[in-house]
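Look at the two complexes coming up: subunit A is in both, with subunit B in one and subunit C in the other.
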Partner chain A sequence: MLEIRDLRVHIDGHEIIHIDELDLPPGARLGLVGESGSGKTMTAKAIAGLLPAEAKVSGTVRFDGNDLLALNDAQFARIRGKRIGFVFQDPARSLNPMMRIGRQVSEAIRLHTDLKGRAITDKVVELLTQVQLPDPASLVRRYPHQLSGGQQQRVMIAAAIAADPELLIADEPTTALDVTVQAEILRLLISLSEERQMSVLFVSHDLGVIRYVCDRVAVIYGGHVAETGSVDDVIDRPRHRYTSALLAANPGMPKDDDFAAFMGQRLHTIPGSVPAVGRFPSGCRFRNRCGHASAACASIPSPVTGADGHRYSCWNPGGED
Partner chain B sequence: MIRHTLRSLATLLFAALVGSIVVFVLVNMLGGDIVTVLLGKEAGPGDVQFMRDELGIDRPLVVQYLDWLRGVATGDLGTSYGMGYDIFDEIVRRLEPTLMITLGGLLVSIPLALLLGTYSATNAKKVRGGVIDVFSQVGVAIPAFWAGLLLVLVFAVRLGWLPTGGYVPLSEDPIETLRSIILPVMALSLGVTAVFTRYVRTAMIDVMNEDFMRAAMARGRTRRGAALFHGVRNASIPLVTVAALQFGQLIAGAVVVENVFVLPGIGRLIVTATLGREVVVVQSLALVIMLFILVLNFLVDIAYGFLDPRIRDKAESQ
Partner chain C sequence: MAIVDIDDMYFHYPRAALGEGDEGWTLRGISFEVTAGSTLGIVGESGSGKSTLIRVMCGLLRHQRGTVRFEGQEIGEFRGKGANELRRKNQIVFQNPRRSLDPRMTIRRSLTEPMRALQGRKPDDDELIVSLEKVGLGREVLPRFPHQLSGGQLQRVGIARSLSVDPTILYADEPVSALDVSVQAQVLNLLMDLRDELNLTLVMVSHDLGVVSRMCEEIIVMRDGRIVEAGRTDAVLTRPESEYTAALLAAARLASLEREVEAPG
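Our next item is the complex of A and B:
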């Protein structure tokens, strides 16, 4: 479905992203996970051609055999919305405040299909029903500010899948929402993906959310893929030291009987913070924050591939195959 | 929407009332004795007193104010001391050239600025956009009277295409009317277009960076398509405000331009009436200009509600 090879993004002469190899099989749900500033969102936007003009993108992103990066703005516009849907992080800012809901949900339908008039309205109502919004018929005439955050994100999802795309890119779709609403939106995304056989590229900083939604995951650090594989392999048997550090920083859930112990536990943090653009060390990008760094880490680690496509780039891997 | 409109209307009426008081008080505090102007310094005290009674300027200010307001409402403001014309009729007669050049200025400068500003915003990092920025910088700096004189020199004196000045009323010869306002409108729009271009540019650049613009592109809009279908309307809110403010600039500019081009409009009347100590004329003209601006602000208020559903909802819920 999606084959990324040697994808690089340069801004102001700095290489922000370099993804050597990453695949998303048809119908699969791939998670991109990493800290703020790791480059996961930028990778997602680069794939959809939604980066600002000052970002220089090179490499290949094969989508169903065609290289997306070779397309110009007008050609890309014919794919976006039609074959690739995109859901953004902040629904309140991603909906046009001056345009009615119906108009925004129907935008992709008007642009990419032959439907007209009444048929468009019917389709919009059907979409709003699918994303489980109440009273869709009157909702089409309302404006974004009249909806709650969760409802707005459902509208964004309806607008993204309006022209039946084969791939949905969701960039931290629940980060701006309440925890209870989060779970509902995640369930909705999973069921839509299963009903429609729609592949999903899911960006999140939360490994728990990734495990819930995705079947494969890529851990991104400094614009590189540190580790990738099935969700179970990467989360239960991490090899890259960054993945383990990220997992250790996650406190997990309190056990019913011992809440006090949960609240009393020491949280692990990753020392330091993600370096600014252009300040990453040579060789392994994580080595200045890594507890296991050695002299070898000064040169770039070559990827090691194990069973089921479990691939990592680390000189001193933890765990075992 | 109706409540929003009614509230704006109430604001308009209240502001007009307060404004009329301010205008009246300020003009009457200007000083200068009209009787001395009319009769000369050698006039006897009896003549002076007779004149003062005749003009009614010894009455309390409140009475004079109410008398003036009634005059405005009934269309009877008396006659000019010095020139003998009927004040109300004269003001109405002089509205036409002023309205023609100010509205003409709006009609030219707003679409032009929208075009130039959007072009400059979508080409912000390129030379093409930069050329427009330079033009708007220069345009802001050129004074209207100088631009007017230059235009007269080139198009009227040197080339002889257009009249050097004067005005032909619409009722006499519409074609000549248009010919007589071309140069004044050009002189008047130059600065306003330049300033407005810069506002359009800033507003469009801001909007182009909004998340919903990227979301529109994600649904299949091209960059230009998103700018057109989603950007312009969102950029219009700040622009409507600025456009209304620019109208005040246009009226101020009209005073200058009417004098350069010898147009018999409000602007020229203000100058002659002020020099002639025609208190009633000056305060009536000030009132007319104030009403212009208040009505325009009222229209802008209404426009906000039409443009932005959030403002409409807020007004309804209050």
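Our next item is the complex of A and C:
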């Protein structure tokens, strides 16, 4: 569905992103995980052609055989929103506060499908039903502020799937929501993806959320793919030192019989913080914060690929296959 | 010994539309005690009243009904020097250090303010450096402005600032939710270390049940301005009595790193 090769983004002479290789198979759900400043959102935006003009993008992003990066604006406009749908972090900011819910969704239908008149109205109700919003017929007359955050995000999802996209890009879609609402939205995204055979590129800082939603994950740091593979391989058998450090720093949840041992236990920390754009070290991006760095890490490690596409770029990997 | 003792407390914001019964109140019928030296976690979804509750507890907001006692005295009765002492002993670390520190003040000045306002004294650099070192920072941050520091460094400044006036209770309102995972861990460890070292009472608002399980012996679960469940954290989270706590727990487990058995959809 999506084949990324040698994707580079330069801004102000800095190479911000270099994704050597990343694939999203049809119908699959791929998570991009990273801390703020890692480049995960920028990667998603580069794929979607949503980066500002000062960003120089090169490489190839094949979507259903076409190279998205070779398209001109008019060609891209026919794909974006139609064959590739988007859901962003903060629904309150993505929805137009002055526009009724019905119109926000019908606009997406009008722009990206051939439906006309009454068929559009019916489609709006159908979409709002699919995203499990109660009483769609009266909901269409409401304004965004009359909806809860979770309901707003469902409206965003309804608009995003209006034209039956083959790919949905969701950038931190539940980060602004409460944990119980988050669970509902994640379940909805999974079931929509399965019913429609819709691929999902899911951007998040939360590995737990990605494990629940996705089949595969790419751990991004300093604009590079540190490690990628099935969620089970990457989370249960991490090889890259950044992945294991990130997992160990996670507060986690104790098992029911494990509370006493959990209480007061200190977390594993990663020294320092994510460098600012353009301040990452050369070679392995993580080496200045890594407890296992050696002289070799000053050059970029070549990727090692194991079973089931489990691939990592680390000179001193932990664990074993 | 109870350091804070709250009994049937109600709070509403100015101009709230109050209705029948407790309609319109932000906090309704809150009763609990905080034991000196303990760590209490307050959880619940946004809008449940967690942040309002700690602001009432430390005297930043005034409740309208019931009692809130600090060290045995109703907090509304602290006057003059007493009110200053109340504020000194009850310090808050806020969620977003970028918003809670004045962007036009150097770190030196931000650190000096609480001591000047609450203790009427002006610390010298040596004293400021000692408080910075407690939180893992050094003298080089003194002349800097907030925009020159990372989120994790700023949160450390926020903690140093709160601790500079030697409080008895430290309130932390989602102290790490604006920080990256790798930096979160540093700040949480720091809070645990300082609490143990300074024998602080810690009251922490968090949406993260994992963080609360790790740090807090006691937990309060809030919803719609009421306490739905309270008790020892291990008891509440292993054998939740309310449906709401069970739902929070299920949602937290679903998004945890452990592979869940629950089938999606």
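Basically, the second predicted complex is superposed on the first by the 315 of 321 C-alpha atoms of A that agree within 3 Å, B and C clash if a C-alpha of one lies under 4 Å from a C-alpha of the other, contacts with A are read in each partner's own complex, and residues count from 1 in each chain.
Here is the rule we use: a residue touches a chain if its C-beta (ideal position, glycine included) is under 8 Å from a C-beta of that chain, and two chains touch if they have at least 3 such contacts.
The structure presented is a predicted model; accordingly, all values stated were derived computationally and were not measured.
Novice: Please determine, from the superposition on subunit A, whether subunit B and subunit C clash or fit.
Specialist: With subunit A aligned, subunit B clears subunit C, so fit.
Novice: Looking at the overlay, what does A:71 touch: subunit B (first), subunit C (second), both, or neither?
Specialist: neither
Novice: Which partner does A:11 contact after superposing on A: first (subunit B), second (subunit C), both, neither?
Specialist: A:11 contacts neither subunit B nor subunit C.
Novice: Based on the superposed arrangement, let me know which partner A:97 touches: subunit B (first), subunit C (second), both, or neither?
Specialist: first
Novice: Looking at the overlay, what does A:207 touch: subunit B (first), subunit C (second), both, or neither?
Specialist: second
Novice: Is it subunit B or subunit C that touches the larger share of residues in subunit A?
Specialist: C
Novice: May I ask you to decide whether A:28 touches subunit B, subunit C, both, or neither, giving the answer as first, second, both or neither?
Specialist: neither
Novice: Regarding the shared-chain residue A:120, is it in contact with subunit B (first), subunit C (second), both, or neither?
Specialist: Neither partner.
Novice: Taking the superposition on A as described, I'd like to know which of subunit B and subunit C A:50 touches: first, second, both or neither.
Specialist: first
Novice: By how many Å are the closest C-alpha atoms of subunit B and subunit C apart after the superposition?
Specialist: The answer is 11 Å, the least C-alpha separation in the overlay.
Novice: Just which bits of subunit A does subunit B share with subunit C as contact spots?
Specialist: After superposing on chain A, no subunit A residue contacts both subunit B and subunit C.
Novice: Per the contact definition, I'd like the list of subunit C residues that touch subunit A in the complex.
Specialist: 45-46, 150-153, 180-186, 188-189, 192-193, 207-211, 213-215, 217, 233-234, 237-238, 247-248, 250-260, 264-265
Novice: In their complex, what parts of subunit A are in touch with subunit C?
Specialist: Where subunit A meets subunit C, its residues are 35-36, 178-183, 186-187, 190-191, 194, 205-209, 211-212, 232, 235-236, 245-247, 249-256, 259-260, 262-270, 273-274, 289.
Novice: Help me check something: in the complex, which residues belonging to subunit A touch subunit B?
Specialist: Contact set of subunit A toward subunit B: 48, 50, 53-54, 73-74, 77-82, 85-86, 88, 90, 93-99, 107-108, 111-112, 143, 145-146, 156, 159-160, 162-163.
Novice: Under the touch definition given earlier, write down the residues of subunit B that touch subunit A in their complex.
Specialist: Answer in residue numbers: 125, 210-212, 214-223, 225, 230, 233-234, 307-310, 313.
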